[in-house]
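Two complexes follow with subunit A in common, the first pairing it with subunit B and the second with subunit C.
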Partner chain A sequence: MTEVTPEPTNGLMAELQERFPGAAQPAPEPQEGLTIARDRLVEVATYLRDELGYAYLSNITSVDYPEGTNGLPPRFEVVYHLYQPTGGPLVLHVHADREDPAVPSLAPLFPSANFQEREAWDLMGIRFEGHPDLRRILLWEGFDGHPLRKDWHEPYYEEDHKPFSSRFPEGRPMPAEERTLLRRNLRYPPGWSPRDWRPMADTWGYTPHDEVAHQKNPTHPADRVVLNMGPHHPSTHGVLRLLVTLEGETIQKLEPMFGFLHRCHEKIGERNTWLANMPYTDRLDYVCSMSNNLGYAIAVEKLLDVEVPERAEYIRVIMAEFTRFLNHAVSIGFTGNDLGIYFTAMLYALEEREFILDLFEMTAGSRMMCNYMRFGGVAHDMTDEAVELARELAFERLPRFVDKLEAFLTDNELFRARTVDVGVLPPEQAIAYGCTGPLLRASGVPYDVRRAEPYSIYDQFDFDVVVGTNGDAYDRYLVRVGEMRQSLRILQQALNRLPGGPVMAGKKKATLKVPAGEAYGRIEAPKGEMGFYIISDGGPNPYRYHIRAPSFINLGVMGELCRGHLIADVVIILASIDITLGEVDR
Partner chain B sequence: MYASLYVLKAFGVTLRRFVESYVDDLKWFLKGGFGKRYTPDALAVRQSPKGRGIFTVQYPAERLPLPERFRGFPFLVYDDETGKPLCTACGTCARVCPPQCIWIVRASHPETGKPLREPAEFHIDISICMNCGFCAEFCPFDAIKMGQEIEIATFERDGTLLWNQEKLLRPLSYHAQIHPTDYAQEQAKRKPKKKKA
Partner chain C sequence: MEFLSNLIVNIGVWIKGLLVGGGVAEHGAALVVKAIGAVVVGFFPLMVVVFLIWAYRKIAARMQGRLGPNSSGTWAGPYGILQTFADAIKMLTKEDIRPQGVDLIPYNLAPILVVFASVMVWAVIPFGPGRGLIGADLSIGIFYILAFSSAALIVFLMAGWSSNNKYATVGAFRAVAQLIGYEIPQLLAVLAVVMVTGSLSTQDIVGSQDVIFLVTLPVSAIIFFLASMAEINARPFELLEAESELVCGYFVEYSGMKFGMFYLAEFMNSVAVAAIFTTLFLGGWRGPWVDQAPILGTVWFLVKMGAVIFLWMLIQITLPRLRIDQMLAFNWKFLVPLALVNLCVVGLVNKGTTEGFPGGASAWTRGSILLGANLAMILATWGMLAVGERQARRRREAWQAAQAGELEVVV
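Showing the complex of A and B:
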């Protein structure tokens, strides 16, 4: 795959360098984009946003260089990926001191930075000065250290990189639990004791309650109440906790709290070999493992520079579009559950999903954890039987299902009464919060990575980017239905034109070395823009492996969307955002 | 009444489903000579996109056939005649395994101490195995394959699922039986090599 990322024009670089002399420099090879001086970052970002239209801060991540590279001293680097809402990526690097890393926060400028900077603080320990609420986000307060730093070791630590030498040729099994006994694999920060720990989040939640508990609100007889929804709540689609401050039944403030499923996917990814990460990506958004595979394969192929055979490209598109269909069907079905249409809509959706999963199982060997894409192709060819099933689904069965779904839901007064004008997201806000996928498009922003920066062979298919007008939960439903129809359109074209030939470029290699460099591969996953930011130092393992998870970033706008709505609408708004906790928590 | 039409329509869908299921059941019951409703013939139609009516298979009393590529847990293949594992202790699978749950001890010659091309010990921690299939995909000797046994739950968590070579070995004929296409391809690849040698 040799997808050429549209480079920011040299004109832009020149303009920035001219306007901010000394503050913006081209990043040293093999990095992309610009290096921005730390103290001028806010200024440059403001200029980029207001004057040049880079309103969309899509991805923030950080990299640890304890040794120093490129002739630069040991440092942390914060990496920003900015876009114009029409495409056009711009990568910014900001260096931070290794001993006391601090970088000015962009959260006041770009609300999408809020969660991502908290994540960088949590996992890498970089302070963002001026961030309104810099707390841990995925880990808890009793966690010792910042796990993504290169010198941080987990309790089961063996070696920096897999494969571990204890496995072969003298591989006597030593289960992890024997190496570090249960209960001894826990470490608290120095001077910290779980006994006198009061959860910070709860302090936030209950203080206002204490304040108002005794003075009744003069305009409203009800007191302010702090309510915990979840972590084990049937409508939170996983282990998600929503801390809600209510005034009567109206939501004043809502904050999602997550991390219950956190396993530091990125740290595991840096221990793994390049290929070994593939099955781990399945576990991100476990509903759409095929698209996760695709995103990772595309990112690594950018560095490897291999040509993917045509048949493999077609199969990839077929699998990705079936995944989109499956995700949207399930998402709408579960919206039904949250609305109180218990299980009827959902089971009909799951039934269709079952066929698609059968197809995946037949082709890839597993229903949900497909592990199907490889660098330079796909793992197995589609059999004739599988192609036949795919055709039957794409031409006959699934179009019927979408028609039926629309017949029962689109004009349904009950459905509309609960979703129209609920959780309205204006387009400017959607962009500011970095929302992607159906959530963004329902607000009327025609932004689709398949169009903005076509990857794989999406430029060869006819399809429309479905947009909504109102940006409410109902429009998100409509956009999903529309995308299901567009997916079928793509599938029909792809299946009609499916060429023969090999499905893998060259021979499958178990260990591969990836040329040094950095790459950001992104795809339009069913839930939004899924990005894989990888850095290779030329070795068999990724140096840095970061995932821009659409669910995680889309969840950032949840609090805004719910404000002023009734508590009963929370579940609908959450369902309309469509998250998977495996991806939020990573 | 508010929305009554849609409620009725939705009930209609369920009702139709209900009737279709019983009609279908009856049809296959008669076809199967008053036997089971879920004969292999019936499953092939009722579980396909053409199927109507109810969709449920009463697992574990009734089972769907697994596709050939299905990835369960890995097993080691041994030759039916000689009883020897095909594994040459090359270590590829142990290196490629993402969660690193394969442990191999390479056998060495009892006198000279030179490494032999066979494993002395082979362990897989099935409780860690993530069913990725890399070991089977990359084994250069087709000596490890993904099986179809999935009901392996145990009551203990210490070591019962750490399988040794004895527990992992299955005959080549078993592999041929559950992976006919794969097996045929391997044989086709193997034969010309033998002639040359």
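Showing the complex of A and C:
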């Protein structure tokens, strides 16, 4: 793979070390970036944001070192990935105590840290001091422990990773229920009883309402109602719950609640071998499995240092761009559904999607869960028949579809009435909330990972970064349509120049030795920046495997966007953010 | 041939003759015939709706590139025409879930009343010429229709409030705002027709349409059609249910056949609106050769009604819905003033043409003067909208330019 590292941040690191002597040190090999002293983190982050323009806190994750590495004692590490809206990454490591981990919160500085710190608290148990609302986000309150800690073991799976030999050495399958009886497989936190449990979210939402109802608090207007949109609601696009406080029909406060689809993808990833994890990434954003594959492959290839053959790179780009097209088409179609166009727009989009899925099936053997990319290439070559279909789609059918879509929607009076000036997101706020993808670009920020930090062979194609002006739902629609056209442009170039040759570097191997180190691979997935943060200790499994899911972080701005709008606008705003719950809940 | 040309009336006469021949008293036989007629009129919308639901699904499927109901899986008749019956049986056999905390009396009464209100409208719709093919030729026929269609509002409120559900309550609130609001332009549009006709009876209104009112009173027709779309909760104004927002609106908590009755009432209302529109503006049963064969009147009526229903379907399947504030603004800021202006203009023109001409103007003269006045009104409205649009665009561009000037620093 052609490694394109953006201009190294050495000068910056030296400057930081000079500015904060003792507080900022280079992280020990093989880690990247800086180690920041815990008590000066906020100071350093403020300086980075205000003086150096690192306004964009992309990713927060945490790593558990129960044994201690690099000559350091047992500890937790919190890892921050910061970007300038144009530049390369800056990685910060902060160490936390193993016994009582606590790190100052960055949520007051960067609103994008809000959800991510809650996730780190939920899964790793690191307290973020000063966080406005630190409670579990993906798991429920009755869950005992923090599952990503290395000393936490799942029920039924005693080993840290999946054993290669049979899981049933006795020769007979043993259902999990036999090993642990029903009702014995639950462990509650100490002092917690399921009988008098009231979900924390409900306490948050209903208490003010109850007070109003019982006249305890006369200052509240009495016509305030708390409404649960979801988890079962026609337009939450999955099992998302929006807790809405209404005054009349106007939104006073809205908070997304999720985790209904949580399966601790990251823990599963740490138990699997590197390659065995590839099909699991399909299930993240199940609409665009190809780009998930690509992101994971790129992250691992950074550690592997393997050269991807040219044909494989082209096929990857072709698949990723078809995925982008189909995601945007389906997204616009579902927006139509939320607007109330009795399924018509959606079915028009799904018809085109079927053809793209046919292409995926021809190439990868599967329509939705493709499992197509490999480290150093792709799993199967594209047949001539598949190339023929791809050419027909990219040159004939899909351009026609985009024209038709625009003819029906762009100047549609009712469509404009419902989307223009709905959910306006100013650019500063978009960056502060860590939004990416069409959501960010519709606000007028020309930030595209394909341009900012080109991966694969995107630097060889001509395409424009589509930006909006107003940042409302209508602009997001326009940006999606523009990106569909740009995708077709890239596809046409790629198909015209598709070279021959092998599609896989070296020969296929069952096991894989990944050198120790850490890597953060990111791609411009259809929904935004998708990052894979992986740490290898040289073993057969990832030591740490974290995903920066664009839907999850884009959802953070939802509450802000909806305030003051009507219920009808909530579904439009949600549809224009374009989330997939498989990715949000992981 | 003589029997066939006026089939339905002659069947009535024949049954009455049989009964009288069998020894039943004259007025008793008349009562039995009336009862049979009432049952037929009551069941007519039901039968139409059973076919209509199938047609709606089939047409929607064709517009969306699907097949719709068909017999490829389980047998459902040719072209899946029996699918609606299967659905009805499914709904009848489903468990009737009653949520906790509902207010029982209004909750159970609402599905009955909603169907009742939609069926009662049919009593005054003239299906054909003469007194034989109308349930009751009331002298206040159109007033009766409007009264019963606003009864639906109470039913929606009953259903929404008694369900003990927030979505249902919001749906009921919207129902009140929407139905009361749109009743005004609807009524004003009908009033223009009544002024021109000089009678509230539906049969008289049909009788006076030598030229159909769609041509002579287009503004009233458009206002009536739009307001009716809102009254029957059709797509651009489909805010009471708003599937993607309120799940199902005021009847979200109903299941089984109670849900089925709301569903039925919705389709029945749309058929009723099509029938009223046909009566008021499309000349009802009037058409060529009706004088020779009165049965053709019923055919013309059904054909015209079918055309209106198809228009309703087209809108229903392809358009998004408005937001509640936009819908109310459209009503109070556009439809109501336009309806009032229309009423004044039609009143003046009507008075002028009946009394201004010596001996009264002919129907054609009167019609063309009305049409001219209506066209002038349409042009004036169009011009005002265009001016408003241009101003709004100019404001918006200025605002965007100001925004762009500020935004240059970003990135």
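Observations on the structure shown:
As a working rule, the second predicted complex is superposed on the first by the 554 of 586 C-alpha atoms of A that agree within 3 Å, B and C clash if a C-alpha of one lies under 4 Å from a C-alpha of the other, contacts with A are read in each partner's own complex, and residues count from 1 in each chain.
In this text, a contact is a pair of C-beta atoms (placed from the backbone, for glycine too) under 8 Å apart; a residue touches a chain by one contact, two chains touch by 3 or more.
Every value quoted in this text rests on a predicted model; they were computed, and no experiment measured them.
Touch criterion met: A:E351 reaches subunit B and subunit C at once.
In the superposition on chain A, contact is made by A:D569 with subunit C only, not with subunit B. Contact with subunit C, but none with subunit B, is seen for A:G444 once the two complexes are overlaid on the shared chain. In the overlay built on the shared chain, the residue A:F343 is in contact with subunit C alone; subunit B does not reach it. For subunit A, the partner touching the most residues, choosing from subunit B and subunit C, is B. Of the two partner chains placed by the overlay, only subunit B lies in contact with A:H380; subunit C stays clear of it.
Of the two partner chains, subunit B is the only one that A:S366 touches; subunit C does not reach it.
Judged by the touch definition given at the top, the superposed model places A:L414 against both subunit B and subunit C. By the document's definition of touching, of the two partners only subunit B reaches A:Y280; subunit C does not. Contacts of A:L393 after superposition on the shared chain: subunit B is touched, whereas subunit C is not.
Residues 344, 348, 351, 412, 414 of subunit A touch subunit B in one complex and subunit C in the other. Residues 60, 63-66, 166-167, 170, 235-236, 238-239, 242-247, 316-326, 400, 403-404, 407, 410-411 of subunit C are the ones that touch subunit A when the two sit in their complex. Across the complex, subunit A meets subunit C through its residues 85-86, 225, 227, 233-235, 249, 336-344, 347-348, 351, 412, 414-415, 417-418, 427-428, 444-447, 469-470, 566-571. Contacts from subunit B toward subunit A in the complex involve residues 2-3, 6-7, 9-10, 13-14, 48-50, 55, 67, 69-71, 89, 91-92, 94-98, 100, 102-106, 115, 121, 123, 125, 128, 130-134, 137-138, 146, 158-159, 162. Within the complex formed with subunit B, the residues of subunit A that make contact are 162-164, 166-177, 272-273, 275-280, 344, 348, 351, 354-355, 358, 361-366, 369, 371, 379-380, 389, 392-393, 396-397, 404, 408, 412-414, 508, 510-511.
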